[in-house]
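For reference, the structure discussed in these notes is given below.
Per-chain numbering from 1; labels A, B, C and D assigned in written order.
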Amino acid sequence: MTIILTAVLFATLLGALLALVIGVTAKAFEVETDARVETVTGMLPGVNCGGCGYAGCADFAKAIVEGRTIPSQCPVSTAVNITRIAEYLGITAGEKEKTIAVIRCGGSCAVTVRSPYNGVGDCRSAALVAGGAKGCDFGCIGFASCARACPFDAIEMRDGLAVVHPELCTGCGKCVDTCPKNLIILTPAAVDVHVYCSSPEKGAIKLKVCKTACIACRKCVKAADSETQMTVNGFLVTANYSNPPLPDLVEKAKCPTTALRLASQHAAGAYEGVSK
Amino acid sequence: MSDKPRKFKGGVHPADSKALSASKPVQTAPLLGKYTVIVHQNIGASPEIVVKKGDVVKKGQLIAKAAGFVSVPLHAPTSGTVTAIEKCPGPACVSVPAIEITADGQDDWGLPFEPITDWQNTDPAVLKQRVLDAGIVGMGGAGFPSHVKLSPTKPVDTLILNGAECEPYLTADHRLMLEQTEDVLLGAAILARILGLKTAVIGVEENKPDAISKLNGVAGKYNVTVQELRVNYPQGAEKQLIYALTGREVPIGGLPMDVGCVVQNVASAVAVVEAVIKGQPSIERITTVTGEPLVNPGNWRFRIGTPVSKALELAGGVKYQPAKLLLGGPMMGFAQNSLDVTVMKNTSGILLIPAGQVSQYTSEPCIRCGRCVECCPMDILPATISQAVENERFDWAEQLNVTACIECGSCSYSCPSHRPLNQHFKRAKAEILAAKRKQQKK
Amino acid sequence: MSNNILAITIGAILVNNFVLSKILGICPFLGVSKKLETALGMSGAVIFVMALSSLVMALIDKYVLSQTFVIAGTEIKLRFLEILVFIVVIAALVQLVEIILQKFSQPLYKALGIFLPLITTNCAVLGAAELNVKAGRGVIESTIFGTCSAIGFALALVLFSSLRERLDLAKVPAPFQGTAIALITAGILAMVFMGFSGLV
Amino acid sequence: MSETETTVVQLPDATQLVVSNSPHIRGGETISKIMVQVMIALLPAAIAAVWFFGLAALQVMALCTFGCMAVEVLWKKAAGQPTDSWKDGSAALTGLLLAMNLSAGAPWWICILGSLLAIGLGKQLFGGLGYNPFNPALVARVALLVGFPQLMTSWVAPQPGKWLACDALTGATPLAALKNHCSPASISDLFYGNVGGCLGETSALALLIGGAFLLSRKIIKWQVPASFIGTVALITGLAHHFNPELTPPALYHVLAGGLMIGAFFMATDMVTSPMTANGALIFGCGCGIITSVIRIWGGYPEGVSFSILFMNALTPLIDRYTIGKPFGYIRIKKEAAQ
C-alpha cells in the first residue's frame, strides 16, 4: 500500500512540477494562432493549384479567415464544400462563375509547317530557340508544358497539339502561365464555341503555315444570331465571351478552315486533320 | 603589357575550321534588285520607321530613326523605292518587321553626312554624334549600339579593340584587319579621341599571325598596342577579353565601364572611320560565308538587307544538304529555318554545318564528370544548374548564379552526355527575368 | 577517464550509431529527411532534447531511482517507475522545445510539423536514457553519451537528407520512389557504418 | 560570278534545316569514350592479376563484366526501357571494377550475385547512370563482405606465371597479416604485386600506370588520388613515427591493400564524387582519414571501400558547400562594402 501511495505521490509531484514549468514557459513564449485556418485548410481540396490566386490552399484558407477573400474563389471545390466553409466561418460564400481553359490553337502536326527541332522538350525552352521551330509564330509548340502543369490531367497532347478536356478542367488556371505563346485563356464554362487560332497575321501568311488558321472571312460573324457575338480584331475573329454565340453557330457558319470549333467536339478529336 | 599571349580561365578549344575562308580576300557582292532591311538590328529599342511604301530613297538615306538612347538609326542600303513594309523571317526564326527596298540600279549616294577629315581637331561630342547618326552597332555579334558604349558614366582608362574572333569558321574580322589595317587603327584612334584617351589596345588571337604582324607594322603611328591572345574560346567575349588584357573582372551584371574599359569590335572601328572620314552610314559589312557543304566559301562585303539565299548563291551554292544554317559562328550563332532571312549589321558569318559535325542534343543524364565546371569561363556550375532547371527550380538556379552565364556554350560543347546545357540557362535567365518583372509590377 | 570519454564519443557517433546501427529513431529519420534545412533544424532540436534529457535522467536516476527510501517503515525503491518517469520527463522537455521554437523560428516550427512533438516518441531519446542506466554510467558520462548519440543521430540525418535531396532529382523507377528508395539508401548507409565496427 | 556559268547553283532545302540552341558543334567526348578509356587504364592491373593469379582471375573478370552487362540489359527489359544502355560501357566498367574487388578464388555465384548487387542495388534502383549516389562496384563489394565475411576474406596466394594454379594455396593479404600480427610482406613485393588479395589489390605498379594514363587523359581529377594517398601517408606515417608498434610505415600502407585502385579508380568515379576541384580535395582527404583510422584502429583490415562509400554519402554536402564564387563576384562584394 505504501509503495502504491508513494509511487502515486511521486508521479503526481513530478507531473505537477513539469506542468508548472511548461505552463510558465508557454505563457512567457506565447504565440497567437488562429485554429480556424487549419480547419478551413482541411476543408479545401489540398491540390495547391493556385487557381485562387494564393500560394496554395493553406495560404488561401488564411486569406478567407482574415476576410481578404471569399471561399468561392476556389475554382476546384464543389459548391457543397464552399457552402460548408462559408457556414463554418459564418460568412457568405460569394459566387464565382465556373471557367474552363481553352488553348486557342488548332495547329496539330498534320496541318502545320514545322522545322526539325533538337533541344529541350519543353515549350518555354523551345520558345527561346527559333520560337519553337513552328511555321506559325503564334501557335501551340506542342511540348506539353501545360499538360505537365495541369494537376487534373485535363490536357491531352494529340499530334503535337495540346487539347483541353472540358469535363476534366476545373479552371484553376495553372496552365495559363506555362504557355510561352499565351494561347491559354479561361473562358466561361457555359460557352462551347471558340476560335482555335491566335495569330494576328494576315490570312494569306497564316494559310501558308497552317491549314486551320482563322482567315477572318467573317462567315461566322454573319451567321451568328447577333453581330456582336463574334468580335473581329484585325485578321482574327474571337468569340465574345460576354455575349457568347450559341453552339449551333459552328454548324451554321461552315468555317472554311475549321478554326471555329466546339470545345467538346475539339476534345473528342472531331476536327483532327480536317480542312476544306 | 607583356609580350606573352594572354588568356582567361576556363574555355574550350574547338577545331577552328578557319582555313576554309581565311585566305579568301574580301569580295564586294554585286548590287541586287531588292534588299529587305530588318528594322530591329540592335540591342535595345527598335528604331522608328520614317519612310512609307512608295517612297523613293537615296543610298544611305535615313529610313528609320533611333527611338531612345539605346537605339540606332537605319539607312537605305541602295537607292530605289520602298516597295513594302511588312514582316519577314527574322534571325530568331520569328517574323519581324522589315523594309523592302527595290533598287533602281543607280546606287546613288544621298551622302547624308559631311565628311570630317580633320578629326583630330574636332570636338569629341561631334564625333560621337556621328557614330550615333551613322547607326553603328557592335558588329561582332551582339549588336549593342556603339555610341552607348562611348558614353560611359564612369571613368574609363582603357579602350580595347576586339580582334580576337574566337568563333570557329569566322574569318571576317581577320580579313578586315589584314586588308584594312590602317582603317582599323585609325578607327581605334578616333574612338580613343571620343573617349578622351590617348591610346588603345587591340587584342588578336595568335592564330592570325599575318594580321598581327601587319598591325604591328603600323600600330605605333596611331598609338595603339597590339596584344597577342592565346587561342581559347570564348576569348572574344567582352568580359574574358578584358580579363585577359587587363586582369580586371567585370562584375556580374556589370558593364566593362565598371572596370574602366570600353570594348569595340574591329569592324565597328572601321565603320566609325567610314562614318567620320567618308560620311557614310553603316549600310554594309564584311561577312564570312562558309561551311564544308559550300562550293566556294569566302568573305564578302554585303549590303545590309541581302538575303541569305543570295549570299549562298555567291558562294557557289552547296554540294550537299547541310544540317544547319547559322547566322554567326557555330558556338553562339543562331540556327535558321529560312533562306529569306537577311544580312544584318551584326551578321559576322553565314555558316552551313554538315550533318556529321552538328551537335545532336539528347537528354542523357549528367554523369557529373565536371567538364563543364572546368571549362566555364564564368566559374559557375553548369551541371548543377541544368539539373535545377530540369526540375524547374529557378530559385535554386538563381542561387547558383545562372545570371552570370554569358551563354558562350563551352559547357554544352564539352558535355559528354550531350546535354542542352546552354538552352537550360537561357530558359532560367528568361524565367528569372520574368519573375522579377512580375514582382516589380506588384 | 579521457580515454573512456573518447570511446563513448566515437562509439556513440560512429560505431554504435543510433540510427544506422541500433535502428533507433527511424521515424524522424525518414520523416524529416526530405530537406537539408529541416534536417538540420531537427538535428538541433534532438541534440538539445537528448543532451538535456540525458542529464536530467541521470540526475533522477542517481538521486531518486537508485535511492532506497524508508517511508512508514517500509523500504521502497522507485526503480520500477523508471520508464514512466523517463517518458514523462522527455514529454515535458519536448513540449518546452516546441513552445520555444514556435516563438523563435516559425518556419522551422512549420517545417518540422508533427515530427517535433513526435520527438517525445523518438525511441532514441528514451533509448539513450535506458542504455545509460544499463551501462551504469555516471552523470557526466551519461550526458556525454546522450549528446554524442544525438550527434550521431544528427550526422546520419544530415547525411541522409542531403542524399535524399539528390535522389529527388534522380529518375528512380516508380515502384521504388519515396520511402522505398529512402530505406534502401539507409540500408546502404548502415552497411557503410559497419566499417567502423571494432574501433572501440 | 560570271554570266556564262551554266551550272545550276544548288541551295539548301530550308525545310530540312534543324533549329536548335547554340552551340552547334561539339567536342568529341562521349560517355562511352570515357568508360572505354577507364577500362584501358585498368588493363595493366588486369594483366597483372592474370599473371599472379592465373586464368582463375580471368574467369572472375569475365563473369563480373558480362554479369553486370547482362543485369543491365535484363533490368532495362523488365522496366520496359530501351535496352541499349549497356553500350555506353558503364555497366562493363562497373563489372570490371567489381572483379578487381574480388578474390581470384571467388566462386561463380559470388560474381553473379555481386553483379546483381552492383547494377541492381547500386545503380538501377536509383535511376541508372548518373543518379546513383554510391559507387556501384563498392556497394556490391561491401554487401558481399558483410554477407559472406568468410568467403570474401579468404585469398589466393599469388603464383606468378602459373596459369592454371588457382586454388592451390590460400594466403592472407598484407593488411590482414598486420591485424593478425603475422609478418608483413616486403615493400618490393607490394610494389610489383606479389601478394595475396583481390585482383585489383595486387600490383601497385600496374595501377599507377593506369592512374597515370587517366590523369594524362584528364579523365580523373588529380585532386582525389593526391589528397587520398597523401592523407593516408601522412596519418599512418605519424602513427608509425609515434608508435612503431601500432602500424607499419607509411609506404607500406600506401602500397598495400586497395588504396591504389581505390584512389585512382573508385574514389574518382565521376558520378559519386564531388564536381569541383576543392570538393575533390576534401573528398580525398576524408577518404584518407577514414581509411587510415579503420586500418590502424578498426576491426576490418581494410577501410578503403568503406571510406569511399562514406565520402560518397557526404558528396552532396561537399558539393553544396564548395560552390565557388563566379567570375566577377568578388568585385560586387568589395563595392558593396565600400
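Following the convention adopted for this analysis, a contact is a pair of C-beta atoms (placed from the backbone, for glycine too) under 8 Å apart; a residue touches a chain by one contact, two chains touch by 3 or more.
All of these numbers come straight from a predicted model, not from anything done at the bench.
Across the two interfaces under comparison, A-C and C-D, the one joined by more C-beta contacts turns out to be C-D.
Chain D has its Cα centroid 45 Å from the Cα centroid of chain B.
Spacing of chain C relative to chain D, judged by their CA centroids, is 35 angstrom. The residues of chain D that reach two or more other chains are 15-21, 127-128, 131, listed in rising order. Each of residues 93, 334-337, 361, 365, 420, 423, 426 in chain B touches at least two other chains.
Shared contact sites, meaning residues of chain A that touch two or more other chains, fall at 115, 118-120, 128-130, 133. Chain contacts in this assembly form a complete graph, since each chain touches every other chain. Interface residues of chain D, counted against chain C in their complex, comprise 79, 121, 124-128, 131, 133-134, 139, 142-143, 146, 290, 293-294, 297-300, 303, 305-307, 309-310, 313-314, 316-317, 320. Against chain C, the residues of chain A that register as touching in their complex are 2-3, 6-7, 10-11, 14-15, 18, 21-22, 25-26, 29-31. Residue ranges of chain C in contact with chain B, taken from their complex: 168-169, 171. Note for the complex: chain B touches chain A at residues 87, 92-95, 334-337, 360-361, 363, 420, 423-424, 426-427, 430-431.
Contact residues of chain B toward chain C in the complex are 365, 387, 390-391.
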